[in-house]
Each structure stands twice: as structure tokens, then as C-alpha cells.
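Each of the next two complexes has chain A plus one more chain, namely chain B in the first and chain C in the second.
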Partner chain A sequence: MKHAFVAAILLTVPLETALAGDLHGKVTSKGMADNANAVVYVAAVPGKSFPIPTASAQIDQRNMKFQPHVLPVLVGTTVEFLNSDTVSHNVFTPDACAGKFNLGTWAPGSSKKPHTFTKECAATLLCLIHPEMEAFVVVVPTPYFAATTADGAYKIAGVPDGSYTVKVWHPKLKTIQKAVTVNGPTEVDLELSK
Partner chain B sequence: MSANAPRSLAPWMAVPIVLSIGVGPASAVPVFSRKYQTSCMTCHAVFPKLNPFGEAFRLNGYRLPAQTEDQIKEKPVSLGADAYKRLWPKMVYPSDLPGGAPFALNMKMAMLYASSLGDTGKQIVHNDFQLPQEVNLFTAGTLGERFGFFGEVTFSERPDGGSDVELEHAQLHIDSPFGPENLVHFRIGKFAPNLYDGFQEMWIMTDNGIDTLFNYNPIGFAGGTGLSDGGGGVGLPARVRGIEMYGVAKHRLFYTVGVDNTIGPGGPNGTFGNNSKKDVYARADWKFGGMGLDGDTSGAPLTAENWREKSLRVGLLAYTGDGTAIDFDVMDPAGAPFKMQDVRYSRVGGFASWYFKDLNVFGVLLHGSDRLQLLDKENLSLIGETKRDFNAWFAQADYVIRPPFQASLRYEHLRVGDRSVPSIKALNANFTFLARANIKAMLEYHRDLRDSQIYTLATVLRFAL
Partner chain C sequence: MRWVVIGLAVLATSRPGLGAAQPQSGAGATFDITPVEGPSWLKHLGLSRQKTAMGQMSNTGGPRSPAGSPAWGLSSFPETLTRPFTVSGADLYRIDCQSCHGIGGAGAPPEIRSLVDAVRATSPALVREQLAKRGVKLDQESIRQMTSQAEASLLERLSKGGKNMPPFQHLQGREVKALLAYLRTLAAVPGASDRQVQLTEPAARVGEHLVKGTCFICHDATGPGRDAITASSGVVPSLASFLDQEPVNVVVHKVREGAPAPGMIGLRGEMPVYSYLTAEEVSAAYIYLMTYPPRR
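Right after this comes the complex of A and B.
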């Protein structure tokens, strides 16, 4: 019985990965202090559209910083802005693709302020009260995206096998794109520069 | 003794006086060591002398050539997110502050053995422990992408126990505000002009500056007789209050033009005149071989040793001004007092610096002319006008025996404006031991070649933190 269960797992796993692999690898951000905050995403999946997510994403303001610094979301996602800090904060964006919104200023612990991002965009978020604060909501057209960690690692799960254009966005470096064929677990390393 | 004898002796005696009380050159700025977490030796052959990379760093507005974010280890404090650039002028343009306190100290101790001639021609020997001689407080750094700053206050102790405070530098830089990177920079404030790049005291390895260029007093009843000992003018002002534009083009062409206050009688903070005229200066250099003046390394074979290269840099420089209404006190040979104005002065010269492996030979040839008006001491009526010329030159050879052991030899020659006075000829020899990258000991001998009894022997300890 035990052997039969193990065999079932061994048969099932390769079958699943062949249908929808994961895209993973490392992004090197040349000249940057670390390799974090790059957003890797599949630019389009031909013939497929994606429903608007029902769950909201969140950006908090804590210790006078937006957290996270970079948030990738699918088009149509609503992002809730929180203030978990000890001081008041504001959120606005100068970017037209995000509607140049200004959510106003609100006190610590007040209710969340939502905004729905309806277009592809790399929206810069700023706080009028604290000009050094900056964050980015990167609105992408597919749900296959990931932000890199400090060592540049990323992993996008559930990407269907196929050929795609993968794009990489970074707050300070040039956006690049690369043709990638996903076939099960696929490793792709990328490099960004100014 | 001839009637000219007292005048002739004056400059001879002034040399050791200047050496014994003069404030030495500025030094390394460890602010940048902290910012980039790198050794002093990255930029200095032996502080404060810059190596080719350090020169590029300085000319780039205290930024590394092709600087990247990860090279800055001491993260700056943001004064505004980058996105605010797009919001200008609705919002304040973003900038940043140095992440750490942008201050550094240099301390200098000196044991000075000086021999000079007294009024009667008798030798006077003085052995003085100047422990300390001076402390320099520096501040330096960048303010965002386009601004930088540099300041230095020197606290010095006189041999008699008194003390002086001098604001040597206080300047704001505007770096590449337009055009290609490094083509145009501006500086405003008090600074050592780039007119003297490579030979002003803050850029040479010896303890003594080049007095025959910067301390020559062209004011005198019959023209300048020697070095300034306070109250006189100078051939070139070591530091100016002004505005300067400078930059590097095509990696190899360096230029600077500036406008500054006129030269006036020396004071504790410099030699500035108080008329409403302004002096102007300009210099242009070309560097053959070696690292580009902006740090460019394309096409140049680089050695593993960063103080070495094979290069030749040559340049032309000029300085001119109008000292009308700036009065200097002079006396005729009989001791009668007059006033004098240097109503038109001009300096033109050439600079050359040759690097060959461990050797760097450099020098300046300078011709100066002064149109001097002699005035009545009481009513300032014009008595007469003369034009006096002087010629000064020096050649210095610096040699890196091994990085901790370096030596320098300099010859200086000054043909003064008053032709009845002998030319000044001086020799300066230095041996430097770099105990650590930021601690050095120097043995320096300065000799007036006209008289074997006029010399100084200094043991100097200097460190930067």
C-alpha cells in the first residue's frame, strides 16, 4: 500500500510540471546595491484573458517607508493603502496611466484607502508629507509575474508550457524583454543595466 | 653696505619666517574613504598628492568615474524620491544628503629646526617643537546628482603660543548641469582655483608650498623684492573668492575659467582686495597618454600600480586683474612711507607634468608684470608709475621608491621685479614614509641657495581620520 502511494506521487508530479512549469532564475541588476525589486512577467499569453482578481493587494506605510517597495499586480487589481506608522501619510501618483490619483492624507491606523489599477502601468507612488518615500505598483497583463529578492532570485509558478515574451522592469534600470520557451521547470537568467 | 642692502636682506630673512609660521598644505579627505569604504591609496599616491584616478575623481565633482549605486557604501539620505524630478517646478527637485557626518580631520605635528639671518647678518638658529602645528577640519561630499561641497577650516598654533583660525575652503559645486557629463562644472565660494591644478599646496606631496609662485610680493618701492611677510601682495592668490567654470572634454582636454576678487594685502584668511574690480583667470591642458582626465581608460594601457603611468600633461595659464584703489604700504630706501597700487597685473605661464613609471616630474614657468603707481601717503596723489616684471619657475621630481617610501626634490627660481635684488633660488628636498595609508612622517629640508645659513629642516607627522 505504501509503495503504491509513492509510485502515484512519482507519476503525478512529472505529469503536472509538463503541463504548467515554473519559470525561475536570477536577475542581475548591474550597478545597483542589490538585485531586488525587479519585476519579471510574461507579457502575454496568446488567446487567453484573465479575470479581474477578487482579492485586493496591499501596500503599507510603516517606519516612513512604503512596504513593499515594488508591488506587481494584474490589471484590474485593487490595491489597498494602509498606514501602520506613527505619523500621518499621503499617497499620490503623478502617472497618467494610473489616473494621477491622490488619496489624500490620513492618520495612523485609519481605514484603508483603495485604488484600482485598470491599465498596464508602472505607477510611482509618493507621499506629499515625506518626499523621500517612494514605491511602485507595476500593473502587468498576465498573472504570471514575480518580484526579485535581494539576490535576484525569482520564481513564477504555474506558467503553461509554451513560447512567450518575458519582460523585466526595474525602478532605475531599462526594461528588457526576452523570448522564452517554457517546458516544465525552466530556468532563465536575465541582466538589467542602465 | 650699499643703500640697497636692507632691501636685499629682507627677502632672505623672510624665507625662514614664512616656513616657520606658515600653515602647511591641506591634506587627505577621509570623508570619501568612508563614503566609498575604500583606502586613501585609491586616490592618493601619498596624501594629499592625487594619483591619476584621484585627479579624475576630483575633476568629476568628487564622484567616481561612471559611478554606480553599489559603489556608494554609505547610503545617502534621500531628500526626495526620484519621481519628484517629473513634478518640478510644482514640487521641490529631489536631492540627498551624505549618509554619515561628512567631516574629517587632519592633524599635523612638526619639529622645526630653522636657521636664518638677523638684522645684523648674524645667524639665528631656532629649534621648535610645533606639537601640534595645525588641525584641519574638512567637510566634503555630494548633494544629489548635481551638487557637491567642500570646506576646510584650519586651526593653527603659532610658535609664540598664539593661534589662528583660517577658513581655507568653502565652496558649492554644480556638477554637469547641462551638456555631456564632466564637460561643464561650476564652483562658487572660496577655493584653490583649478588654475593651479597639480601644483597648489593642496595637491603636492611636500610640506612646503611653492612660495616663489604663491608668496612673491610684487609690491615694492622699486618693484617686488622677495616673499610676502604679511601686508604685501602676492604673485598668485593661493585661494580665491570667486566663481569658476571647469571641465574635461574628449577625456584629455582640461579647461578652467574663473572670476574672483582682486588681490590685496594679506590677512589671516587670504590676500583679498576690497575694490569693486574682479580678476579673471583661465587655463587649458591636454594630457597625452595615461588615464583620461575624467577617468576614461579606453585605449590606455593601465598598470597594476595606480600611481604609475606614462603620460605627459601640458597646459597654459593666465591670470589678470586691476588693483586700483587697493593701497599697499611701501617705503623708499631712506625709510619714507608711501602708498602703492598695483593697477594692472597679469601672469602668464605654462605647466607640464610628466609621468614615467614611478617618477613624476612637473613644473611651472610663470611671467608676471605689474603696473605700480606710487602715491603720496597722505593725500594719495599720484607721484609716479612704473612697470615691473618678474619671472618664476620651479621643477619638482617626485619618486615612488616603494609605496610607503617616497621622495621629492624641487628647485625654485624667482627673478624679482626690483632688479637690484638678487634672484631667489631655493631647494626643497623631502623624504616621506607612509606608515599607514593615513599616517605619514616626512623629513623635509628647505634651503635658500643664496646663503648656506638660511635653511629649515622639518620633521613632520601628519595623519588623517
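Right after this comes the complex of A and C.
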């Protein structure tokens, strides 16, 4: 009886920790100045849907730039747009999947302007006044996503064990996909090109 | 000095309501001229002249009259009292905007941002071109909506001002249209130069533009004038004090050429030189200050 009990513990502990793991690795963006701004995400988790996030995400306009340049969010997320600059800015997207919205022009420091992204989309955000400004909201179908840092590293926490299609999006490079099996901490390196 | 006296005599007989009473002010338009009042715009912002480019962009381009040139005729002052000015959008820009935004509208970044960007955003043709450069296609209706919204924002900013920009409430509908038409040439909007507007305005109105758009950035409406104490302590003499202290020709000379007028004793001072203003326009500012006395 005692042996069986110990065995049960030994079985249980590894099982618990192996149910989900961090999907991590590096994305190499060939021909780019650095490896930042790629979005790695799990394309679907079979049989599972995800509630609309209650927390908003934010994109600021500061020093004549959208910050962050690339923002991945789950479908249904509301993104608040801020203006921390000294000049008026505008935010619009020409992309139909984001409803071609135009938030208008608004003065520095004034209130946030929200927009809810309801569909999968890689929405290009532009400022009508400053054509050099650009950002992307990448709306993905699962909460398992991450953007890469300049060295290409990404880490998606708590991905349930299983087999998935993982996709990688980049503002300038071709989107790729790869079959990945997550089993505890899983390392996957990926490469993007034109 | 006799012509000044004549000028003032003409002026005295035509008060009050010189501005509003102009018979030739175009399409029956009248102008709601109001006195300049309160502390200067820089005082309002708590900025010192040394720390800003506002009002000081006069040396960033534009024609400069040769030093000592008698560019302003002795006979012009009395005439400007009775003869209306022909004012284009370019003139309005020069007397209302240029001292901060510079001759081409580029401003003095990062303090004064280019106004060209905001104007470009009002042009469907330019927005379409910008989007095409990115490979983005957007339907005409969306572009039209965005550009008209951008225009509304620009006009609101002009009339209400911004964090650091004064409100230009004195500009009226036709003036705003004329100004915007000129701003579009600065932003290289296709066909903009063919759509320039000319207005007819009384001298006091032209003077109001110059005082509110340029002089008032540094000069308080009322307060101390120039004397030995204020001159050495860097106090900027008030607009009202000119009327008591300086004849119009001295003011015109000072504004346009910097140095004290011939025969006058004094230093060059810290005031920028506004050689892009005509003697008539500076005289008009003087007339405006006389007919609509500055208020505290």
C-alpha cells in the first residue's frame, strides 16, 4: 500500500508540470536590421475558445513614433491609443479586417481613444499627419502569442501540451507556419525571409 | 515729422470705428476688430524669450531690405489711413504666423513643429499618394472623410490654439479660407497656387493681425515702456507705451531694420528684425493700437 502511494505521487508530480510549458526560442529575420517585431503565435487550440480579455492594451505616440511598433493581441481586445507627444496625432487603418477605422486627430495629452479589434487581422496603423509613422496591431485567435525582442528571442508562457500550428508574422517578411509539439518547456527556432 | 502729424490728424477725424467703417472692405464684409489685451503670450506660457523660438523666426529667410533703405515712403502713412489694403493668404501668413512658423512653415523643431504636415493631411491627393507609396489602397470616401476631419482639426487648432500656440480667434471665415489656401501651397498640394484668395481689409484690421499674430508674442498689451531702468533690465516695453513714447516712423524703422531710426540715440536692443514686413503694415499696427487702445 505504501509503495503504491509513493508511486502515485511520483506519477502525479511530473504529470502536473508536463501539462503545459513555455514555448520559446529565437526567430531570425533574414535581411532585417534586427530580429525584433516578429509575432509568434499558436494558430488554434482544438476545441477551445477564449474569452474576450477584460484588460486593454495600449499604443502610445511618443517622439513621433507609435510605441510599441508591433502589438500582438487576442481577438476581442480593446486597444487604447494615447498621445504623449507635443503635437497632434491621428490614428487610422486602411485595413478592412480592422474596420478601416479613423480615430481622428487629437491633441497631446488628451484622453485615450479606444478601438476594439474583433477579427483576426494584421492591421497597419498610420498617422495621417505624419506619414512616416507606422505601427501594427496583430490580432491573433489564441492568447498564446509573443513578439520577439531585438535578438529574436520570444517566450510564450503556459502553452498546454499538444500539437499545434505555430505561425510567425512580420511587418516586412513572409508569414510562415510550422507544426510544433509542445511537451513541457519546448524550444523552437524559426526563420523568416522575404 | 510733419507727415506724422498729418497722419494723426487724419486718424483723429476718422475715429472711432475706423476699421468697421471701411467702405471698400470687399463683399460688404465688416471686421470685428478688438483690442489686444493682457500679458504677452510668452508670459502667459511662462516662457522667457531666451528659451523659445516663438516670435523669433524672422531671420530664417525671406527678402531683407537693405540697411538704411528708405523702403517706406513718407507719403504712405496718411494714405494707409483711408486706403484699404489688399491682403492675400500669403500676407496673412506673413503677418499672423511667420514669426513662429518661419517662412516655409517648417517651424523650429522640436519646439515649433512643422505646420506643413497638418496641412498635407487635409489633401486627398497627397494622402492618396502617401498611401500608394506604402502600397496601401484606400477608397475615395474613406480618404475624403479623413482629410475633411483633418481639416476640421486644423481649423479648430487655429481658432482655439494649442498647448503652446495662441488662439487665433480674430481670424474670420474668409481670412481663414485665404490663409488655408496659402498654407496648401506650402504643403505643395497640387493646384494650390491657382486657388489663392485676395481680400480687401482696412488698415486697422491689418494692424490687428500683425499685433496679435506677431508683436503680442513678446510685448504685453499694457505696462511699462522704455526707460533707463526697463531697458537695462531686459523688460519688453508694452504695446501701449509705443503710442506715448515713439512716433510711428521710429517704430517702423525699429521693427523693419532693428537699428534706431536715423538721428535717434539708442542701442540695437534684443528685438528681432522683421524685414519681411512692409512699412505700411507696421504703420497699420500703430494705427490699430491707436484706434483700439490695448487693455490690461
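Here is the rule we use: the second predicted complex is superposed on the first by the 177 of 194 C-alpha atoms of A that agree within 3 Å, B and C clash if a C-alpha of one lies under 4 Å from a C-alpha of the other, contacts with A are read in each partner's own complex, and residues count from 1 in each chain.
We adopt the following convention: contacts are C-beta pairs under 8 Å (C-beta built on N, C-alpha and C of every residue); 3 or more make two chains touch, one makes a residue touch a chain.
What you see is a predicted model, and the numbers here were worked out from it, not measured in a lab.
S.K.: Determine, for the superposed arrangement built on chain A, whether chain B and chain C clash or fit.
M.R.: clash
S.K.: If we overlay the two complexes on their shared chain A, which of chain B and chain C does A:P108 touch? Say first, second, both or neither.
M.R.: second
S.K.: For A:T86 in the superposed arrangement: first (chain B), second (chain C), both or neither?
M.R.: second
S.K.: Quick one: classify A:M32 as touching chain B (first), chain C (second), both or neither.
M.R.: The first partner, chain B, only.
S.K.: State whether A:T124 touches chain B only (first), chain C only (second), both chains, or neither.
M.R.: both
S.K.: Looking at A:M133 after the superposition, I want to know if it touches chain B, chain C, both of them or none. Which is it: first, second, both, neither?
M.R.: first
S.K.: Tell me which partner A:P46 touches in the superposition: chain B (first), chain C (second), both or neither.
M.R.: In the superposition, A:P46 touches no partner, neither chain B nor chain C.
S.K.: Touch test for A:P94: chain B only (first), chain C only (second), both, or neither?
M.R.: both
S.K.: Between chain B and chain C, which one contacts more residues of chain A in the superposed model?
M.R.: Here the partner covering more residues of chain A is C.
S.K.: Of the residues on chain A, which ones does chain B touch that chain C also touches?
M.R.: 94, 124, 126, 131, 134
S.K.: Would you tell me which residues of chain A are touching chain C in their complex?
M.R.: 86-88, 90, 92, 94, 100, 102, 104-109, 124, 126, 128-131, 134
S.K.: Which bits of chain B are touching chain A when the two form their complex?
M.R.: Of all residues in chain B, those touching chain A are 68-70, 72, 75, 77-84, 86-87, 91-92, 94.
S.K.: Which part of chain A faces chain B closely enough to touch in the complex?
M.R.: Those in contact with chain B are residues 30-34, 94, 124, 126, 131-134, 171-172.
S.K.: Over in the complex, which chain C residues touch chain A? Could you list them?
M.R.: Interface residues on the chain C side: 110, 113, 117-118, 120-121, 127, 130-131, 133-134, 136-138, 142, 145-147, 149-150, 153-154, 157, 162-164.
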